[in-house]
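Following are the structures in question.
In the two assemblies presented below, chain A is common to both, partnered first by chain B and then by chain C.
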Partner chain A sequence: MAEVRVTGRFVAGLSFIAAELAIIEVLVRTGWIRRALLPPPSDIARTLWEIVSSGEFLPPLASTLGLLAIGYTLSVMLGVALGLVMGVSRTCSDIFEPLLEAIRPIPKVALVPVLILFFGIDTTMKVASVVLASFFPVLLNTIQGVRGVEPTLIATGQTFGHRRLGIAIRVMLPASVPYILAGMKVSLGIGLLTTILAEMLSGTGGLGSLVLESQRSFKVRQMYSWLVILGGLGLLLNWAFAKAERRFVPWLDKYQKS
Partner chain B sequence: MRTLTRRLMSRFIAGGVASSCLTGLAAPFVWAQSNMAKLRVGYVPVIDTTAFFVAQSQGFFKEERLDVEATPVLGGGPALSALAAAQFELAMATVTSVLLGAAQGFDFRIVTAVAAVGSGPPDEIAALLVRKGGGIKRGSDCQGKRCAVQLLNNLPWLCLRLWIDSTGGSSSKVSIVEVPFPQMSDALLGNRVDLVAINEPFLSAAIRNAPDKVEIAAWSISQTLPNTIVASFNATQEYLDKHGEVVHAFSRAYKKAVDWTVENKGNPVLEELISKFTRLPADQVRSLMVWPKFVKSVDPVSLDTMARAMQRYGLLKSLPDSALLIYDSARI
Partner chain C sequence: MSAEQRWWLGRNTDASGANVVRLGESGVGMQASRLVAAGKPNDAAGQRRAAGRRAVLLSLRDVNKYYTSAGEAPTTALDTVCLDVYQGELVAIVGPSGGGKSTLLQIAAGLIPPSCGQVLLDGRPISGPPPEVVYLFQQYSKSLFPWRTVTHNVAFALEQSNLRRREVMDRARSYLKRVALEDFGNHYPWQLSGGMQQRVAIARALAAEPRALLMDEPFSAVDALTRLELQTLLLDIWHSNEDLTIVLVTHDVDEAVYLADRIAVLTRNSRQVLQVFENSLPRPRHPIETRESQSFLSLRHTLLSILLRRSNGRS
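Then we have the complex of A and B:
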């Protein structure tokens, strides 16, 4: 019964999208919307098919995904490590927190031109941009998770003879997983956004630079096609994250419902 | 009570008479303003746009009953996109952007020339800058090197490839990356790139700041596409069909401004004006090495040359009809 309900909602959502596309198709073909600004969806679909079937999308997709993977992995590792240290140690928190609070409110995408000055326009700059942008949600959620661990769990760990480091790694870190995962989910979206922006500003490959290049050359159908591919990538990443969550942390669903 | 009412009434009447007089005095100005054609123009704040600002400051637009509202944009591409979206009536862009847009079905038309290059300096706007002792003198020296342009698939990129291929090199074997103009000098001196295609005023600034470290390998445009139109003001055919006379008025004012600019080159008044709209210090304006050539019309042959070069490097699939792209107001 639940499956039928989910399928029904899925079909309703798809039908709505299809209806919107049909309306746009009619509006463009009858001249209500200028074709030069928004080609008919059928033309965009044709161009999208050409890009996908020829494999043209694979190298820029690989470039974008590779960049995101490196930057995201680094930001998660740094965020969890520093978050754990700051969550456990009051002294470390007192040292790092003022600096982090000063940097945190700055929109990280605004720092990309500054990073270009320091790192140039290559992979280092792009990775640095992604790390800087994606690091904070993981860090803050890790700190919150670690500080919110139930004292009973900590006491239990002590009963089993674990010292401070052991409790941090064997008790506090696993107990903070729901918070960390929430931060990682937010970071993934921010990381993709920053990757695309860094590619646009540096103009050296990837989906972001292709979108801008198409726009500058007035290749409107190609521009929309690349945007569809970008949207698909975002959906795929979200789905993959949810799948990985269910696979590696199966108890999370029950925990969140309780 | 009766006195108060009478006093109040007389004040109302006095107020009414005063405002009528003021309205009457203002009426000619209001009428004149409403009688002027409004033009929203997108421009790129570079030296090429000098004549446009001369027309503004010398009142040539007002003489033609034009109320011009100027909006700076980052580049010709965004300007033309805004033109297509009817945010502007006229937009400045490089002719490469215009040709690219026309090839994709946008109904852009060139209405006035903005800047051209001659057969060499001082009628030039850009150069290929390299490190002294870096070993790059010709295109053949660029093999395996990294070159920087402000925008890929635009005029500097095109001219760079033409230069490399015409001086013994193969541009398809050279890595070309995008670097914003203000960062080109640092990228070159920091060995992140080996050659930059750099425009004024950044060219003069780079040489002034490091005269013993950088040198000019070639003049970007005049050595590859001599005597070519570089930038223009453009409108859509849709706008021209309805308001052709407004565009002709703009063109008349602009041509007057071009004459004034050419006559007053070196005049401190002109330098102050350029300093104001480009936000460059006046002494930097004075020390520019090269200046664009201000011209009043667009030669279709010049456009064809540009289009053929674009076709050679895959920017255009077919050659456009240059005569169709040039509106009456921009013809010789």
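Then we have the complex of A and C:
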């Protein structure tokens, strides 16, 4: 029954999108919407197919994904490590918190020009932007997770002779995984956003710069095609994240219920 | 002294044997107490234990615990508690909820420091949880690691040792077998029933090979039948390991009388160990027959009388 219901909802949602596209198609072809702003969806689909079938999309996609992968991995590692230290040690959190709180409210993308000043427009700058932006959700969630670990679990670690470091790594870190994952999920979205923006601002390589470039050179169909590819990438990343979560953290649901 | 106490003291004056309650060291200045002789240790294991248990393993010396919060008078959780636990014995601490039993046990395990007083292990004061003492929590669902399988939960107890990984896992499995859960090693704790989860927790505690196992109401969260099974399992484990000392905190008087060699009574009003009763019901004990014996019933009667009177605020 549930399966049928899910499929039904899926079909309903897809039909609505198809209807929208059909209406836009009509509106463009009848001249209600200017082609220069929005070409007919069928034209975009044709261009998209050309880009995909020729393999033209692969190099920029690889470039964007690679950048995101490096930046995201770094920010997760940094965020979890610093979050664990700050969650465990009051002293460390007293030292780092004011600085972090000062940086946190600045919209990170506003700092990209600063990073361009320091690192130029190359990979270093882009990676730095991604790290700067996507590091905070992981950090804050890790701190929250570590501070909220069930005291009984910590006492269990103590009674079996583990010291502070052992408890931090063997008890607090795994117990915080649900929080860390929630932070990582937010970070993934922010990371993709920042990657695209950094690519646009630097104008060198990747999907971001292609979107901007095709808009500037009035290749509107290309622009929309790249946007569709970007949308697909976002979907794919979220799907992969959920899949990995279930695969590697099978205890997640149960844990949150108790 | 109340009429009730005179009643139970009088009732037992004719009991023969070593009718002396171990209270001397406690120095709590309480009224004279008498042992309630419920039977004689008539089995070999019991006698071996009785003979070998003169060495004090854990000693609580004038342990006080009070909590202070700003602007309020300090709340006393424990008031000058003294208790000696002998090597190899099974002691129960009974008392009502909110009587400070758990606090006492956590202090004994080195998990929380006393406000004043000392805990001695082999005569040496402890400062923090000693590796020889393992604390078993009442809430098994909160003390088992949900991200570890059952075997890995048990293995946690051995990860501080220098054993190789393989050896750790082998031992974990053998302790699982001890609690008859060898077929559930790859399950997660939350896939098991409450009683099974507590067995995992017991296996993990045993795997650390502690000298003393401190159990905080270990069977209070499972159903009545499972409780009987787990009690019998515990006795079984205790009988098979002569050096194992168990201190069990419970509000269940039946459980205390069924399991323990000695029973310390902690009441809500005094926040002290009031009396320690020797329980010489014969071992091995039987889950049904022991509970029907006259000695069982009379000791149960005595303890319940004290607890009910005390918790009513009269003394």
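Going forward, the second predicted complex is superposed on the first by the 255 of 258 C-alpha atoms of A that agree within 3 Å, B and C clash if a C-alpha of one lies under 4 Å from a C-alpha of the other, contacts with A are read in each partner's own complex, and residues count from 1 in each chain.
Please note the rule applied: a residue touches a chain if its C-beta (ideal position, glycine included) is under 8 Å from a C-beta of that chain, and two chains touch if they have at least 3 such contacts.
The shown structure was predicted, so the numbers you read here are calculated from the model rather than taken from an experiment.
S.K.: In the superposed model built on chain A, check whether chain B and chain C fit or clash.
M.R.: Aligned on chain A, chain B and chain C fit with no clash.
S.K.: Name the contact category of A:202: first (chain B only), second (chain C only), both, or neither.
M.R.: In the superposition, A:202 touches chain B alone.
S.K.: Mind working out whether A:32 is in touch with chain B, chain C, both or neither, as first, second, both or neither?
M.R.: neither
S.K.: Look at A:220 in the shared chain and tell me whether it touches chain B only, chain C only, both, or neither; answer first, second, both or neither.
M.R.: A:220 contacts chain B only, not chain C.
S.K.: Contacts for A:118 in the overlay, against chain B (first) and chain C (second): which applies, first, second, both or neither?
M.R.: neither
S.K.: Check the residue A:150 against both partner chains and state whether it touches chain B (first), chain C (second), both, or neither.
M.R.: A:150: touches chain C, not chain B.
S.K.: Once both structures are overlaid, what angle do chain B and chain C make about chain A, taking C-alpha centres and a multiple of 10 degrees?
M.R.: 150
S.K.: Could you state the shortest Cα distance, in Å, between chain B and chain C after the structures are superposed?
M.R.: 49
S.K.: Which parts of chain A are in contact with chain B and also with chain C?
M.R.: On chain A, no residue contacts both chain B in one structure and chain C in the other.
S.K.: Would you mind writing out the residues of chain A in touch with chain C in their complex?
M.R.: 150, 152-153, 155-156, 158-162, 166, 170-171, 174-175, 177, 249-251, 254-255, 258
S.K.: In their shared complex, at which residues does chain B touch chain A?
M.R.: 77, 80-81, 84-85, 97, 100-101, 103-107, 151-154, 177-180, 183, 186-187, 190, 192, 315
S.K.: Chain A touches which residues of chain C in the complex?
M.R.: 106, 109, 111, 128-129, 131, 133-135, 137, 139, 141-143, 145-148, 156-157, 159-160, 188, 190, 204, 208
S.K.: Give every residue of chain A touching chain B within the complex, in rising order.
M.R.: 34-37, 116-117, 120-122, 202-204, 213, 215-220
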